[in-house]
Each structure stands twice: as C-alpha cells, then as structure tokens.
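Quick one: this structure, given as structure tokens, is what I'll be asking you about.
Order of writing sets the labels: A, B, C and D. Residues in every chain begin at 1.
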C-alpha cells in the first residue's frame, strides 16, 4: 500500500483525495494545508487522514512514500525538489513549474534517485484523449497535418499568469501525447484588457519540421464557452468537442489528395467527404486514471503516461510563448 | 439609366447580372467573356444583352457608363485602370488588386477623374453585418476589445493565392467596416500541405493601438465548415454565425468589470452573464444592395459603403500578412 | 423516348419539368396550364415544349404516352381517370386523391389497362430514405418497435385540407415504404385555431398488430421548424433529421434487452448505449429519381417504388384520421 | 423552527434532506428508513439527525411538526393519511397518490384539520418555469393556443407504472401551473414492448373548452434524450428546452393573424417572424424553493405553489389517461 501525502487542499485537492481514496494499492494518509480553517472540513469527510499545517512536516514524514503537490504553480519547484530530495515520488499539478530550468532540475533529481516524477495532465486519462491516441497510433487518420484548438469562455482572470499559462497546458499536453514530433518554435500574440498587462486573450502557433502545424486560441473573455480541437490527417480528420456530454469525438472520413500537374505547374486536388463516426468513450473519471497510474508506476517502476518529460515540454512551449508575445509575435525557438 | 458593362461571366458574374437586372436605375447592357462557348448561354437568359469576346471593346464602348470587373484578381488592376482612364465608373470583385501599389494607383486615377471606384465586398450589404454596424455605432457593445473570426471548411485549393487571400477578405472587410480604427501591424503564420508552397491553413493577428486585437483562422482543410466571428465589447459581446439560416447574430448581455486593488497589486474582476438576444435580420440579397449602391453612387455622386479605401485596407492587410508569413510570423507594419 | 404531358405548372410543376428534361429516355413535350399568363414564361425556358390551356387537349393528344398531374388534390381523380381511360400512364402528385374510393377506382382502371399508375411521394427517392430502407431491409435495426415523426413549423394554412392531409403524407409514405406491415387502425386528435374548423395542429397514432406503433405530430403553428423521425428497433435505433444539410441520419448502437423474472413477476431490463454512425448519403435530387422511375417503369413494365398501392395506403390513413378526429380521437379502423 | 420528519431515504430523499438542511426556519430532525443498512450512511453525513426504521415512530413523534414522504407512490396515501390524522403537515413526492379518490380524501382531511398538504412538483420552482409563468401572467404570449411536450430518452423501465405515470407528471404539473383552464378530457395511446403490458411509449392529448390543446410524448426507449416543450400564444411562442445548460427558454416574436374572407369563404393568414429572446434565468436549485415554500406555508398559513389541488389535477389526468389507453384511445372525461 503506497502511502501518499497531499500538499494543498484548495480547488483541486479534494478531487485528488477522492480519487486516491478509491484506489486499491495506495491511499492519502496525510494532508498539509496552510489554511487551518479547512482542517475541520477535511477531518469530517476523511476522519482517517492526518492533517497538518506545514508542508515540511509532511515531506519529512517517514511514513509517506509519495507526495502530491496541488499548490499554486510558483511553489511547485521548491516543494517538489524538497520532496524528491527526501526520497518521495512526486505528482505535481500542471503546469509542472514556472520555468524550463526548474522542470529540468526536478527531472534530473528524480532520475538520479530513481523516483517517479509525474505531472497531473488529467486530460491524457480521459476516454476522449485515449480514443484519439488509439486512432492516431493505429494510423487511422494517416499522416497528421494540423492540430487546431480553441479553449475560450468567460473565465476567471488569473492574477499572476496569462491565459496561455492558465488554459493552454491542457491542449499542449494532449498535443504532445498524441503527436510524436516536437515543435521547434512558437509564435504567440495576445492582448491584456486590464491594467496589469497580463494577457486575457492570446493566440499561439507551434511550428514543426515535418509539415505539421498546431494552433491555440485561448480567451477568458468570450461570451460563449468553446472547448474544441480539430485534428487533420491525410486519411481522416476528427473534431474533439469536450463540451458534448457523450459525443465528444467525431471522426470524418474526409480528406483530399493532391497531385501536381507538372506541365501546367498546377496543383490538382481531389476532395472526399464520407461517413462520420462517433465512438462510444470510456466514462471512467480521468483523475481516477491519474491516481491509478501514479500508484502503479511507483509499485512497478514504470513510466507514467503523464511523465515529467511531457510536463517539461509543456513548460518549454509556455516559456517560449511568453518570449514571443514580448517579442511582438516573433518566432521563438523552443 | 446607368448602362453597365460586365467583364467576366464565370462563377460570380451570373449573380452580378441577375442582381443588376432587377435594379430600377441601371442595367447591364454588354458582357465581355473570353470563353466564347458561354456566349450562347448568356444570350439565352438575357437576349437583350450584347455579348462580346474582348474586354477592350466593352471598355471602349461609348454607350457604357460603368464597368463591373469579375475576372481573376491578377487582371483587376489592368482592366480597372483601362476602364477608369476611359472614363467609366468601376466596380471590382474582391480583393481589389494583387498589391497595395496597384490599389493606390487606381484610387488616384478615380479621384482625379471624379469616378466611382467600388469593391464588391458583398458581406457589408448583408442583414447581419448591417445589424452589427448598427449595434456598434449606437455603442450598445461599448468599447470594442476583440474580433475573432474562423472561416474554415474543406474548400477549393486555389492555385495562385493562399488561403488568407482567398477567405480572409470577407472578414477583413467586415472588420474594417465595423471598427473605425486601423491596424498598425500584422502577424501571420501558416502551412502548405501541397508541394506548391501555397498556404492552405493560416492564422493572422492584427494589432491595433487602442487595446483592440483581431484574429483570423482560415483553412481549406477542415472536416467541418465554420463561418463564425466573436466580437467583444466592454458592455456586451456578440457571436456572428453565418451558417445559421436565420439566427446569425446572438448578442450576449455578458461582460466583466475590472478594478485594480492597488495595495495588493491585484486585479479584481466582476463577471456578468445575462440575457441573450437574437435580432431579426433583413433578408434582402446582399448583392442586390451592392448593385443598388453602385448605381446610386454614380447617379448621386456619393461614396459607396464598400468604397475603394476600404478595399485598399483589405489589400494592405493581405500584403502585410504574406510578408509576415515569409518572415516566420514576425510583426509586419501595414 | 417516352413522351409526357404535364398538367399544372404551379408550385411543383416547374421542378417536375426540370427533372424530366434531364432524363435520357423520356421528356415533357406538352404542358397544359389554365393560367395563360404563365404560358410565355414556359416558352421562354422550354421553347421546344408545346403549351396549351386545356387539359382535355393534352390528355387526348395521341402523341403523348404518359401524363403527369400536378394540380390541386380535388382534381386528381377526375384527371387521372380521364388519362388512364385515354390509355396514358399516370404520375399523380401526392396525396393521390381525396378519398379511398377514388384511389381504388384509379388502381382498378390502371390494372385493367396495364398502365403504370404512380404517386409522386418524392421522399422515397431521397438518399436518406433509401439509406433507411437499406438499414431496415438488412435487419441492422432488428425488429422495428416504433416510428415517431414530427413535422412542424410556421407553415402556410391550407384553406381546404387540414394539417395532416398537408404534412403527414410525407411521413406516412416513408413509413409505408420502410415497414412491411400495415396499420389496422388510427387515433387522431387536433385543433383549429381559425374559424373555418380546419385543424392546424394534429396528432395521430397508427396501431399495428405486431407490437409496433407509429405517431405523427403535425403543426402549422410552431415557432421552430422540425422535420425529424425516430425509428426504434430492438438492435439499433435511428434519428432522421431532414433539416440537417448532410448528416440527416444518425444510427445509434443503442437498445435494451428485457427478461421477466417470473418469480418476482418483474421485468429486468439491460440498457446499452454505444457508437453513433452517420452515413454519407446520396445527394442526387430525389425528383430526378421519381422521373427516372416513372419512365423506367413505363419502358420496362415494372412497378415503381412509389406505386399506387402505397399511395392508396396513405389516403386510407388520412381518411381514417379525419374520421377519428371527428369522433373525438376514437380508434378508427383503416 | 419547523421540525420535519422524512420518510424514505432512497433516490430523492438525500436531495430533500440537503435542501431542508440549508433552510433558516426549518430542519429535518428525524429520518425513517426501512433499509437499516442505510442508517450508518445517514448518520455519517447528518450526525444531528435521528434515524429510525419504522415510519410509525416518526409519524407519532410529538416533536415533529411536518412529514415529508419520499417513498414509492403506492404507499403515499396510507402514510400521508396517517400523518395528517396525527396532525402533521405533509409534503408528498409526486405523483401525489395512485388514484383520484385517495388524493381527494387526503385533501379533505388536510382541510378539515387546517394542515398544509403539498406535493413535490419540483419543476414549478425552477427558474425556467417561474420565467414562463411570469411571461404568461403578464400576457406577453397573448391567448395561449397549445402546449406540446416531449420527454423521451433511454430511461429506466418502471416495474409497476407506465411511462406516463413516470414522466408526464413533470409536464402536467407545469401545464397546470401555467394555464388557468383545466382540461375536460384526455385521449391516450401507447404500447408495451415488454411482456408485462406496461406501456414504455405513450402519447396523450388533453382537450380544453377554450380552443386550447395539450399534447405529451413520453418514451423510455428513445436513443436521444429530449426534454422540450413548445407553448404557443397568439402574440408570441416559446420553446422550453430543459437540456440546455442555461438557455432553457427561447421566446419567439412569431405568430400569425387570421381573418376570414367571407365572400370567398376562405381564411387569410398573415405570418410574422421576428426577434428571439433568451432570458437569463434564476439558477437557484428548485428543490431549495420547494423546501422554503413548505416551511413558509406552515409558518404563515399560506397555500404553496405546488398545492394539493394541483397535485390532484395531475392524478386526475393520469388516471383518465390510463382509462383512455385501455379504451383504445377513446376520449375519457377527467
């Protein structure tokens, strides 16, 4: 039985505890939460869990095998480093850290100590993303050509990170999980409608070597909520609409073939539209899968789906996007 | 009665003739079409219209007051210049010309000869765009903050212009018509999935001085057809979905107010969601309005809604977008 | 080459002529239209077609092999009888006649004279209905359990027939085409919101022996347009939404199995939801298929899909529904 | 503080307790639940509530002012009668009882003892139904003409009541609440696809004197979930779609005027379509409103919105519908 300590019982923490509480091979035994007014609430629901105020106590608790960190991003690096150095496996909330350097250092420490370092990119564990992975791995879409995501709504303005750091990690992690290539550069533009200069609307393009492109449209100021992604392959294309209650993925037997007419220096394109298929998806709660994978990897010394390398890739993109925005959209190497 | 000559009876020409044929104060009397196999077809439907093969004959026809040019873009400049120099008013298909310099020269000639020079940005004459203009002019949306448009589908690959030149003119012209400011720069990225290097997927950001931003997502390779634009103001926001048969515009009484808490250096944002209103729109065919405006401006020496300055602005944006794409997305002044 | 005369060039007549004009083995050679002001219009589009004012002249024209009757319902019987007696094959607009007796008499005459008698139930020739027929014939839906159709909008009030006679023929013909059983009785209710007592809202249930039921909801006074039908089988179910531009049919791998727990006198039901499949449909114009089938059946002495027996079944249901409404919804045998 | 006993902690009981637990003037102090394995669960969440197995103990508890009955329908009458006779105010789950006679008797007892008798027709307390009541009361829709409801999905087959008893109470209660007239008769048809003869698909028409009609389409065997109602007035019409997360009500400025052309014995109808308005709705949980109303009526001796007369009307319709189905759809007086 893997014994787990959770740091941070804010917005996401309760979901983590609930999903760890139904695992067979692991459980949360200690929670550290600085806001002491929440301790009673925790005890009421989970009387068997020890609650403390100080994360140091939790990290140094020798009865703990692993630490789950669900605190604001700026504190991830320090807490995770401390936990790894104390010999604990670590599951970090996304995004992994505030900088590429911090993420790299955590990865190095984890490797040197043979510890699991995982990032809670929950979406990778949804039925929808699992189905897309299966479709792409089995080459049903053919060679991938583009990934185009919109994640917009009237959303909470974050006081310290821009809308890309807030919303894009979901889509970047999904993209990284689905596509084996890595982007070499990013272009990003955006605007702040408040006087703190933090972008509440932003657009990002990821550039790849292999004739593939990815684009992200993120906003906290849309009157309508959109959570959708188009993925185009040269055999089929799909639309992933996360707001649909069950029909999240539609696969279009649609595409085109092109040939060049060399004499006329022209492109001839044949278009094709066909059936649409909406697969049934697993409805298991994604966070259950995160908790299971973390425990399973600790027990069996495996690499999680949402491993630290993937988490690092997400931070690399975000860091480069910020540079590009400051550079007025100029291409920024990742 | 304004007598009009039409050059080019291809895809759009028949629609132009049909809409001019129901005007009270003007009519098409001559059509020039190089493909002689189409002459019989024209004569069958419009026995009273003279058909010729050579545009020179039409332009030099002294019984013609105005020329409508519905040929491929590359020929616009030459034909329009010739017609203006021959003293004819000119209506050009969009986009106006292939370059800013060409458009400017046409404008100068038209001004010096007191001739109407108009571009067929048909969308300006739709009930939907007219309603948006009315909402924005009467300040019902408040101060505008962003314009975000998607125009994607499995569309015809054009052999000589990229997807921005093909699809974005619609949205740029609508934006220019609705917003009084002009953008100072553009960032654009894109990709070509054929070996002619012409982008079939492209993204563009327009940057403005006054805390306003515009973004365009254009693709010929989407499995789903999308024609929608979000416009955000600080009082209300709207969604314009051109694929809806009648409910094209939805106005959201939605927004947020922000204030800065100076002590804590934080932004406090109040969100508000309210009623949604879907106005009834005029269903007059937009191209009827184009034809009417052209004739009306000739008779009454007025400026058309879709005037040459607006047409020039569209070409400026397109030309700059092409430079930005070649420059790997770098900011390009307009 | 089958030579066809058309009686009635009103709303539907032009569509019929257009579709017959592109057939290889038949063509319309004469049109009879009482409103002489329309004659010029016909001649302009179809200079090769003879136009006359009197249907007698057309029916007695010995150069005509077949007659298409596109006049108001009340005149169908008289004109069709006259044409059949004159030895012409007949295609009648739907509904076939105003009464069962009339339809039966026409069928008897056609049989005795070995003439084709067909009813223009156009929907049978749509890609959507053809696909549903294929799915049901190949038993992919399993044993059929219900058919539930809604055809409502803000529609033209007819002055002489109620909303069932106006709208339900489409759905009844589709039902009859798809389902081999025939209903034994009908229940119908409705209401008239005008003072002529003609129902503008009506509901109808068709009762079958074999544990199958059909229901129809028709209205001319709905703020929204609905054209949809649910068809349930014990293996799969489908939704046919005729307003969808291309995705008209959705097949749900959804159902339930029931067993009775005899001891507890209870029903145990297992539910199942699965994939959804949206087949690509043929986009050939349905009326082209009608014209082709009529000509093909004349040449090859075959029975058309939309044969007179099916047309009679539709009239039987309509006549019984009217009796049921007058009888306050009581079951009325068909 | 009104002290309340709840009988039945099954599917709906927990929701009732939760909503009573946040009221200011009342609270649940005792729960009777026959299944003793649930007692621990209750105590864990609500340690301050007494739990017992026997409803008699609860009803006879002199510290209880009111009883909420959330047991299967067949037991409503007996428990409610017992509680009323013991001097308790009663809130009954819907439908009120299994028969009209039972409901009437309960009403008589409650009146004679000046006790509140209320039925939990929760929908009356939703923001959507409240908004519709407001629109209709203020005559914005004009004179009502029809009410047409669909409530279909792949739903749990009930072992003892048919689909109308299961699903229609929601819609009948909404109809009764919105419309002041009462129906004089019902026609109902249906079918059972299991061998217990209990209808899983059923259709019902309610007939009114005043040129108004209501129709209900209920099914447990639909592949798609529909929860929608059309309400037509002679000024405006509305669509109530309960599956929409926030835009549940759309008001159409749509209608028609009719006049009779007496000479020609014809009806002339003018159609009108206009704006659509989607009002913001209160998002307070409906069941909170039920709990509040019950307590408020007890304290202030008022009549609840969901009073026993309305509950009785629902049972009258259901009972008559069952007779009509057995009578093959014949009109059955209510």
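The criterion applied here is as follows: contacts are C-beta pairs under 8 Å (C-beta built on N, C-alpha and C of every residue); 3 or more make two chains touch, one makes a residue touch a chain.
All figures in this text were calculated on a predicted structure; none of them were measured in a lab.
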{"item": "Contact-richer chain pair [A-C vs C-D]", "value": "C-D"}
{"item": "Chain whose mean Cα position lies farthest from subunit D", "value": "B"}
{"item": "Whole-Å gap between the CA centroids of subunit A and subunit C", "value": "54"}
{"item": "Between subunit D and subunit C, distance of the C-alpha-averaged centres to the nearest whole Å", "value": "39"}
{"item": "Subunit A: positions in contact with at least two other chains", "value": "273"}
{"item": "Every chain pair in contact, whichever chains are involved", "value": "A-B, A-C, B-D, C-D"}
{"item": "Of all residues in subunit A, those that touch subunit B in their complex", "value": "145-146, 148, 152, 154, 156-157, 159, 185, 187, 189-191, 193-196, 198, 201, 203, 205, 207, 211-213, 215, 217, 219, 221-224, 230, 232, 234, 237-239, 252, 254, 256, 258, 260, 265-267, 269, 271, 273, 328-331"}
{"item": "Residue ranges of subunit B touching subunit D (in the complex, touch as defined)", "value": "246-247, 253, 273-280"}
